[in-house]
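By written order: A, B, C and D. Residues from 1 in each chain.
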């Protein structure tokens, strides 16, 4: 019988305490913000969308190797000796044309593993988080600064260079073969000519 | 508080042949190689022995040692046959505060290990997961079904090194 | 002739407001009383272990975050401790202190989620929002330090990705000062409320022997009255430098090991974690956090099993390396996976409303169960 | 009163009766529902340190209008396996049950539906219809969760009607009348004549009655709370277990009907508590109209006081909803049969003795 009354009284008492707490909170100012009109102020180390500063990118492929979900695709083309590609901000001379640099933000897991290995710190994370799209394909960002024709142009240049090099190599090889052949051909003549000289003396 | 050697010697004179050897060459923890069909008797002894009292099974994990000979077929996918699948038991005694690692290995084609669910009921789902992922059949296990993969997944055992993803699973393309 | 009652099978299906994720419970009901519970898991299986075999060692860390997504800082902590023992790396003192601070803050945040959703399951919606308001402060602390709110990739093998933010210390002190009265308020509102006690005391009692036999760990084991905490019983990192005690279930409101005990152990644990964070904040040494991070991680051939005290229990990492850049096998012993086995034994004989209460008190996360 | 005035105005019986029966609906319940839905969301928001609806209209004023428009244009889903007739009729029955109660509630001296002298028993009887409606809804939607919810709702409402009736009996024993109008008239002139402070009696009798009346007010408030399925007794639509009980399958206008019925019931219940214990439409400190001599002002003041008390009790219901967790079904029954009913029997006995004194 005793705990029957104690339970009733305790129930009533704890309910009133609970109500006191919620009533007190009627006058506490709200902690929520009205999102679209009031944007949250994000800290500067925020990790949202990646940005690649293509001027500094030397196409070294470190970031795509470090990415756990392999969402960065890079293709580079060697530059022709004559061309000048400019230097990165910290003075490193660039040698590769980057013809393809895609980051697929549908796959990216925003883990920042690609930012640390970059030698020229050209890839870093901005605090832009509102970039939703209607189709997955449009989430694949292309960062290359060359126009499509220029990319083809670079590839063609490089192929020509390759072709020229092959041609030269073949030519050099042919020449070397001819000389060898020629060398054997005139080797038999030389001994004759030596005899004549000896005879003349 | 007993070290692995003492426990090994204790087991050796109790079970003799079924305790194969104590491996301490690989770094960190030594483990005891045990015959796969005697596991439950050994574990029951380990649990009930007065000065061992291994009363909780921390972890039971299947491992594909991938030590069979690899055959590369034309598309570059390799299938391993021969070699062993092994099951590691990490035991622990909560009141004597010591730990032990057991290992049993079975051949790859017909992997069979005796279940320890009667000794530690916690092993039930761990064994089902080892079966689901590696195909190690645990003899007289209460209900040996797949646990993480869909119940009707008949394209082999995913965590094996030579596992190939099926093209379609019930009409759905698997690799997207 | 006994009245023939037909059992009703009720599916508390994968999409259900109170199953804490995608878990399907098949309940055999006799009226409202439960005869048997068959949990079906696997809906959130993302082949974590298969991924690990294709990743290099540092790349596994973002994957460990996604296992127990409510306490991902502690998953990384466990993986880092395991790898450092395998590679025998000595980590600078400052890194250990920061890891302890971050781990304990993550424990508070994870317990706040557990307690908040537990209140919402039982029906009290306001404590849920109070808990999430306080948790927001912790997430802000994490955000200013490493940039992310939930999945951090902050603790690396051998160090940290960033050092502490300049005003991290000040904000943490403010948080601790504000959080204590809030904790007391939560107690008034929920813990000692007679209806809450009525719903949770003596419900779903977990006896100690079955708990140990099943390998249950963490707050659920401590709720059954067993003083077992890996931070003290299997020490790692610098936990031995702080003094804190381990709260256990005392059967204050009902039998030892009932839902209320498990709930109240988590509330007291939050107070202990506050103490640890306070002590760690005051005595944090200086130093460089990225000095001990190895450039290329190629561990010697071997295997290691390490366990840490995750907010949900004993999180174990069993790593086998075959000397190459990628781990040969990473097996994770998830505390919720083990707790889920005990669940069907806990629920027998109780009512449908109690299944929700017991599931809330056991505090499982499906990301960890399905891996 | 109002019926006679309208009859004298229009001269046609049916028209007057028609207007009188529709007036509470359009003049009071719909506006009240508009305000109550918004108030519930605002009160719960501020209790939880957030702002609640802020976008529709200034500070979310038009939120309920937006809700109604949404519900109107929502597709009215009817699952194939449901029992069509019951499924469609259930929300009507539930709303009928709670709306009929307003016929006998005296909003003010002048503004009363019908001054039947069995007022309170009529209300309790009519709210019994709600149980039938809920059972119909639960059974017709052919879904395990709603069936469970409906079973629980039926058991809960029926068993909580007993303490309500017992407390009403004590009031009737005390005041001798069943009609709500006379009950309000008895508690006139200043608040210490209200029944909660012992009613219009004198000396020792009043002093003895005060604690009993406070306790019985508590009991009737909790039991009517349970009849309306409000927390801590909202088990039939317990979100965390039964998804949302008997109105899981409903959508669109039918769901709005359930919603409206719930709020109408909420006000009806708090009106009953206000009338029984807090002097219905009597003002606590005299009427401005009398002192100023404008006799037409008195009914308006009475209407104001009546709605003020009703709204206060509705606020307390909302306040309870966002503070307390939910009972379990068997605890709910135990609470009713082991606590409320014995207490109300004891009170009935003691009050009976006091009135004999």
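Criterion: a residue touches a chain if its C-beta (ideal position, glycine included) is under 8 Å from a C-beta of that chain, and two chains touch if they have at least 3 such contacts.
Please read these numbers as outputs of a predicted model, since none were measured by experiment.
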item	value
Shared chain contacts [chain B and chain D, defined touch]	C
Contact-graph distance - origin chain A, target chain D	1
Chain closest to the middle [Cα centroid of all protein chains]	C
Cα-centroid distance, chain A relative to chain B, in whole angstrom	41
Inter-centroid spacing, chain C versus chain B (mean Cα positions, whole Å)	26
Centre-to-centre distance between chain D and chain C (centres being mean Cα positions), rounded to whole Å	45
Between chain A and chain C, centroid-to-centroid distance (C-alpha), Å	36
Where chain D touches two or more other chains, by residue	47-50, 322-324
Junction residues of chain A, two or more chains touched	15, 18, 21-22, 25, 31
For chain B, residues that touch 2 or more chains besides their own	none
Touch-based graph of the chains, sorted into line, ring, star, complete or other	other
Complete list of chain pairs which touch one another	A-C, A-D, B-C, C-D
Residues of chain A that touch chain D when the two form their complex	4, 8, 15, 18-19, 21-23, 25-26, 28-32, 34
Touching residues (chain side chain C, partner chain A) in the complex	55, 58-63, 65, 126, 133, 136, 143-148, 151, 153, 161-162, 165, 185, 188-190, 192-195
Parts of chain B lying in touch with chain C, wherever the complex brings them together	26-29, 55-59, 61, 63-64, 66, 88, 90, 94, 97, 101, 120-122, 124-125, 133, 146-150, 158-159, 161, 163
List of chain C residues in touch with chain B within their complex	41-42, 45, 47, 49-50, 53, 85-86, 210, 212-216, 226, 228, 233, 300-305, 307, 314, 316, 318, 320, 328-329, 331, 333, 337-338, 340-341, 370-371
Residue ranges of chain D touching chain C (in the complex, touch as defined)	44, 47-50, 144, 148, 231-232, 234-235, 238-243, 322-331
